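Let me begin by handing over the structure; questions about it come next.
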Amino acid sequence: MKKQRTVKERLQHIIFDYNTVPAKMFDLVLIAAIILSVTVVMLDSVGWIHEGYGGVLYAVEWFFTVLFTMEYALRLYASKTRLKYVTSFYGIIDFLAILPTYFSLFFPGTQYLLVIRFFRVLRIFRLLKLMKFVSEGEMVIASLRASFRKIFVFWFFIIVLVSIIGALMYLIEGEENGFHSIPEGVYWAIVTVTTVGFGDISPQTTVGRALASLLMITGYSVIAVPTGIVSVEMAVMNKKMNTDLPRRDQCCSDVRHDEDAKYCKVCGQPLD
Amino acid sequence: MKKQRTVKERLQHIIFDYNTVPAKMFDLVLIAAIILSVTVVMLDSVGWIHEGYGGVLYAVEWFFTVLFTMEYALRLYASKTRLKYVTSFYGIIDFLAILPTYFSLFFPGTQYLLVIRFFRVLRIFRLLKLMKFVSEGEMVIASLRASFRKIFVFWFFIIVLVSIIGALMYLIEGEENGFHSIPEGVYWAIVTVTTVGFGDISPQTTVGRALASLLMITGYSVIAVPTGIVSVEMAVMNKKMNTDLPRRDQCCSDVRHDEDAKYCKVCGQPLD
Amino acid sequence: MKKQRTVKERLQHIIFDYNTVPAKMFDLVLIAAIILSVTVVMLDSVGWIHEGYGGVLYAVEWFFTVLFTMEYALRLYASKTRLKYVTSFYGIIDFLAILPTYFSLFFPGTQYLLVIRFFRVLRIFRLLKLMKFVSEGEMVIASLRASFRKIFVFWFFIIVLVSIIGALMYLIEGEENGFHSIPEGVYWAIVTVTTVGFGDISPQTTVGRALASLLMITGYSVIAVPTGIVSVEMAVMNKKMNTDLPRRDQCCSDVRHDEDAKYCKVCGQPLD
Amino acid sequence: MKKQRTVKERLQHIIFDYNTVPAKMFDLVLIAAIILSVTVVMLDSVGWIHEGYGGVLYAVEWFFTVLFTMEYALRLYASKTRLKYVTSFYGIIDFLAILPTYFSLFFPGTQYLLVIRFFRVLRIFRLLKLMKFVSEGEMVIASLRASFRKIFVFWFFIIVLVSIIGALMYLIEGEENGFHSIPEGVYWAIVTVTTVGFGDISPQTTVGRALASLLMITGYSVIAVPTGIVSVEMAVMNKKMNTDLPRRDQCCSDVRHDEDAKYCKVCGQPLD
C-alpha cells in the first residue's frame, strides 16, 4: 500500500520535499514565520516600541524560538542522513537561528543576532524554483561566479590603490583634518572610490583635495570595470541559455550515460 | 453628411483621439495647464513666495482645479464607456488630481498632494507617439519589464543582505554612534550599499568601519548586476527591433536609386 | 607664383587651417594661452593668492584679454565669410571670452566669467583630429546622440518621479527636518536618486526614511537604464565603425555621385 | 654537470624565475613579508597602538627594512643586467620601498611612505600567472588600455565641464555658502558629478541648487559613458579570447569520448 507511510516518512515528505502541496504549504508557513520573527526582533530594537510593547514582543520572540526549536528537532528526527543535514549550510543556519534567544538569557543584547534567521528565508528559492523564477536567479549567480576571478583581480588592484592613497592622505591632511591614522585614511579612500562619500571625513587642504579629485575621477572610470565584466558574462550566459534552453532539462534523462560521466554528453549539463 | 456630428462626437474626437489637429491642440494645452498648475503648487510651498503671492497662487490653484473639474465632467460626458474610463489608470489619476484642492478646504496642507497631477503629464506619451519618440520609450519599458524577474531576485538578495548588516551595525556601533535601532541600521545599510551615503549616520568604531568597507566594496560590484541585466535586455531588444523594422524611413522607396546603389542617397540607410 | 600670397591669405592659412605646420603651431600656442589664462582667473579667486599676487594676476589677465582681442580682430579681418564666423559657435565663444575683463571695469566680479574661455579649448579637437583621436571622440558623441531620445524619455520619467517624491517628503518630513518647500524636496530627491547624497538635508522620520529607502533602491536599478542605453549604442557604433572603417574615407571621392545625392551611394556616408 | 651551478646562478633561479618550487616559495615568502610590513606601518599610525606597542613596531619596521635591503642587494648581485634591473619598474619600486625607514631617521613622519612597499605586491601577478588568474587580469588591463583613448576624450570633456560649473557656482553661491574660490567650486563639481557627494560643501541658494540638479542629472547620464566604453571593449576582448583559445582545459583530449559525444564528459566543454 503506497499510502501506508510511517509518520517519519510523511514528515520527510512535508519537510524536505518541495513539489507536493503539503510541502509547499509547510515552506510558505515557515517563510512567513521567519519574516514575522525577524520583524519582531527589529521592532524590539526601536526604543519607544520596546518600552511600550517590550513584554509582548519578548513573548512572541520566545514563541517563535520554541517553534523553530521544535521544527529543528523534527528535521533532525525526519532526516535520513542526520549528520549530513546537521553539517549542511541550511542545517547550520537552522541551528544558529535558534541559539540567540537562549543565549540572551545569559548575555543580554545577543537576541539581536536573531536576524541571522533571515538567512533561512533563502529557502524561498526552493519555492521560487517551482515558480520558474529560478533560472533568473541562477543566471545572476552564474554570471557573478563566472566574473569572480576578474572581479578578484580588480579588488586586489583596488585594495593596493586605496592603501597607498589612504597613507598619502594621512600624511597630507593629518590628524587636525580628521585623518587620525592610515587605516582611517584607507577607510576614507574606500568611501570615496566607491562613490559613497559619507562626508564624516573629508579633505580640507588644497593638495588633499587635488588628490581626492584624482581618486574620484579615476574611481569614476574604475566603477566601469566590474559593470563591464558582469555585463559581458551576462550577455554570454544569456546567449548560452537561449541556445540551450530547449534541451536543457530533457536530454540528460533520455540519453544513456557512461557510469563515469559527470556531464551529459549531449548538452554538457552536469549530471547528479 | 460626414460633417454633421453631434457635440458629443466632436468632444470624443478632441478629447480621446490624438491624431487630428484639434485633438493634438487639446492635449498640448492640457499638458501646459498641468505643468503650470503643478508649478504653482510647488511655488506656493516656498515660504517667502507664499507670504508675498499666496493670495494670487491660491486663486490660480482654484482656477486650475475648476478647469480640471470641468474637463473631468466633459470626459465623463463624452466617454462611450463611462465605467471603463472611471476605473482606468488615467480615469483614476484624473479624479485624484482634482480632489486635493477641495479637501484642503477641510484639511489644510493637503493641497500639496496636488502634485499627483503630474502623473497626468504621462499623457504626453500619447503625443510623443506621433513624434516617433514612442519606440524609444517602449524599448526602455520593455527592457525593464524583461529584466524585472532578475532584478526581483536581486532585490530579494539586497534586502536579506542589508537586514543582516543593519542588525550587526546596531550591535557593533550602538546608540552612542547614531545607530538607535535595527531599522535605522538597515536604513544606513541601504544608504551605503546604493552608494548614496548621506553621512547623517556613519560608523565610528574600527569594527564598524571594517564592516562598512566590506559592504561598500561588495556594493560596488553588486551595482554591476542590474546594470548588466538591463544592458543585456536592451541589446536583445535592440537587435529584435532592428530586425522587425528593416527600414525606418520611407524615403528609400519613394526615391529612384541607381542600380548599383547600396545605400539610399537621400537618407543614407542601406538598401536591400 | 604660388608663394606670392597676400598677408590676408597667409593669415587665413595660419588661423583657419589646421593641417600645416604654422597652423598647428598657432593652435597649440593658442590652447596653451587659453589654459594659462583660465588658470590665472581660477588662482585669482583664491583669497590668499589674490592678496599676495592680485596685482600681477590682474596684469596677466589684461595681457591675455588684449591678446585674445587682437586675435579676434585678426580672425575677423582674415575671415572670408565674416558674418558666418561671427555667428558661428566658435565665433560667439571667441567674442564672449574677451568680454568679461572689459565688463569687470564696470561690474566687479564679472571677470570670473572668463572661465567661459575654457570652451575655446574645444578647438583642441581640431588638433586631435590630426592625432587620430577624433574617431574616439566622434564615437562617444555619436553614441550619446543616438541615445539622446531614449535618455530624454528617461529624464522625463525621472522628473515626474522626483517631483512626486519631493512633494511627499515635504508633507512627511516638514520644515522642522529641513524640507522647507516642495522645490527643496525635489532637490533632495534628485540628490538622492542620482546617488550623490550630500547629506545637508536628510529624512529623520521613520516614514520619510522608508520612502527614501524605496527611492534609493529604485534609483539603484534606474541608474542601470542610461548605462544600458549608451552601452548598446556604443556596441552598435563599434560594430559599424569596424565594418565601415576600410572604405570610410576613400569610396566617396572615387565614386561618381548624382548631383542631388546627399549621401554616398556606396558607403552611406554623408557627402559635403 | 647540470647541478654544478654557482651560488649566483642559484640565486638567479630563486629570485628572478617563477616556475620552479624554490622560486615560488621565495615569492610567496616575499609577498607575505611585504603585506606584514605594510600592516605594521598602518597599525603604527593608529594613536593608541603607537603608544602601547610603538617600540615593538619600530623594531619590526627596521627588521623588515634590513631584510628588504638585503634582498635588494641580493637582487643587484644576482641580476645579469644590473642597470636594466635598477631602472626597471620593479627595480625602482624595490629601491623606493626601503628608503623611507632610513629617511625617517632624519625626517620623522616619512616612514609612512613605506606603504609604497605595497606596490611590490604587484609581483603577485607573476604567481597568479601560474594559477591561471593571469588571463583574467590581462583581459581587464587590455580592455582598459583599449578604452584609454575614448576615456581620455571623456575626461577632457569632464574637466572643461567641471571648470565652468565650478566658476559659476563660485559666482552664484559665494564665500558665505562655503564656495571660497573657483578651485573649491571645481572640487565641489568633481565631488558632485562623480556622485560621491561628501556634503562638506553644498549649495544653499535656489539658483545654485538648480544648477547642481542639472549637473547631477547630467552626471547621471555621463556616468554611463565610461561604463559603455569598457563594456564594449570587454565584449570585443571576450569574443577574441574565446576565438583564440578554442579549448581551455586539456582533459578533453586526454579522455576517450564516445563517437556521438558533443560535450566532454569530464569537464562539460564542447568538443569539435
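Note that the chains take the letters A, B, C and D in the order they are written out, and that residue 1 is the start of every chain.
The rule we apply is simple: a contact is a pair of C-beta atoms (placed from the backbone, for glycine too) under 8 Å apart; a residue touches a chain by one contact, two chains touch by 3 or more.
This structure is a prediction, so every number in the text was calculated from the model and none was measured.
Asker: Taking shared residue numbers divided by all residue numbers at the interface, is the value for chain C and chain D over half (same) or under half (different)?
Answerer: Chain C and chain D contact each other through largely non-matching residue numbers.
Asker: Given the pairs B-C, A-C or B-D, which one repeats the contacts seen at A-D for over half of the pairs?
Answerer: The A-D interface is reproduced by B-C.
Asker: What is the distance, in whole Å, between the centres of chain B and chain D, each centre taken as the mean of its C-alpha atoms?
Answerer: Each chain reduced to its C-alpha mean, chain B and chain D end up 41 Å apart.
Asker: Calculate how many whole Å lie between the centre of chain A and the centre of chain B, each centre taken as the average of the chain's C-alpha atoms.
Answerer: Here the centre of chain B sits 31 Å away from the centre of chain A.
Asker: Would you kindly tell me how far, in whole Å, the mean C-alpha position of chain C lies from that of chain A?
Answerer: The mean C-alpha positions of chain A and chain C differ by 43 Å.
Asker: Among the residues of chain C, pick out those that touch two or more other chains and give their numbers.
Answerer: 183, 195-199, 223, 227, 229, 231, 235
Asker: Under the stated contact criterion, what part of chain C meets chain D in this complex?
Answerer: Residue list for chain C touching chain D: 38, 41-43, 45-47, 109, 112-113, 115-116, 118-119, 121-122, 124, 128, 133, 136-137, 139-140, 143-144, 151, 155, 158, 183-184, 187, 190-191, 194-200, 223, 226-227, 229-231, 233-235, 238.
Asker: Using the touch rule from the top, collect the residues of chain D that touch chain C in their complex.
Answerer: That would be residues 149-150, 152-154, 156, 160, 163-164, 166-168, 170-171, 180-183, 186, 192, 195-199, 202, 206, 209, 212-213, 216-217, 219-221, 223-225, 227-229, 231-232, 235-236 of chain D.
Asker: Name, in rising order, each residue of chain D that touches chain B in their complex.
Answerer: Residues 195-199, 227, 231.
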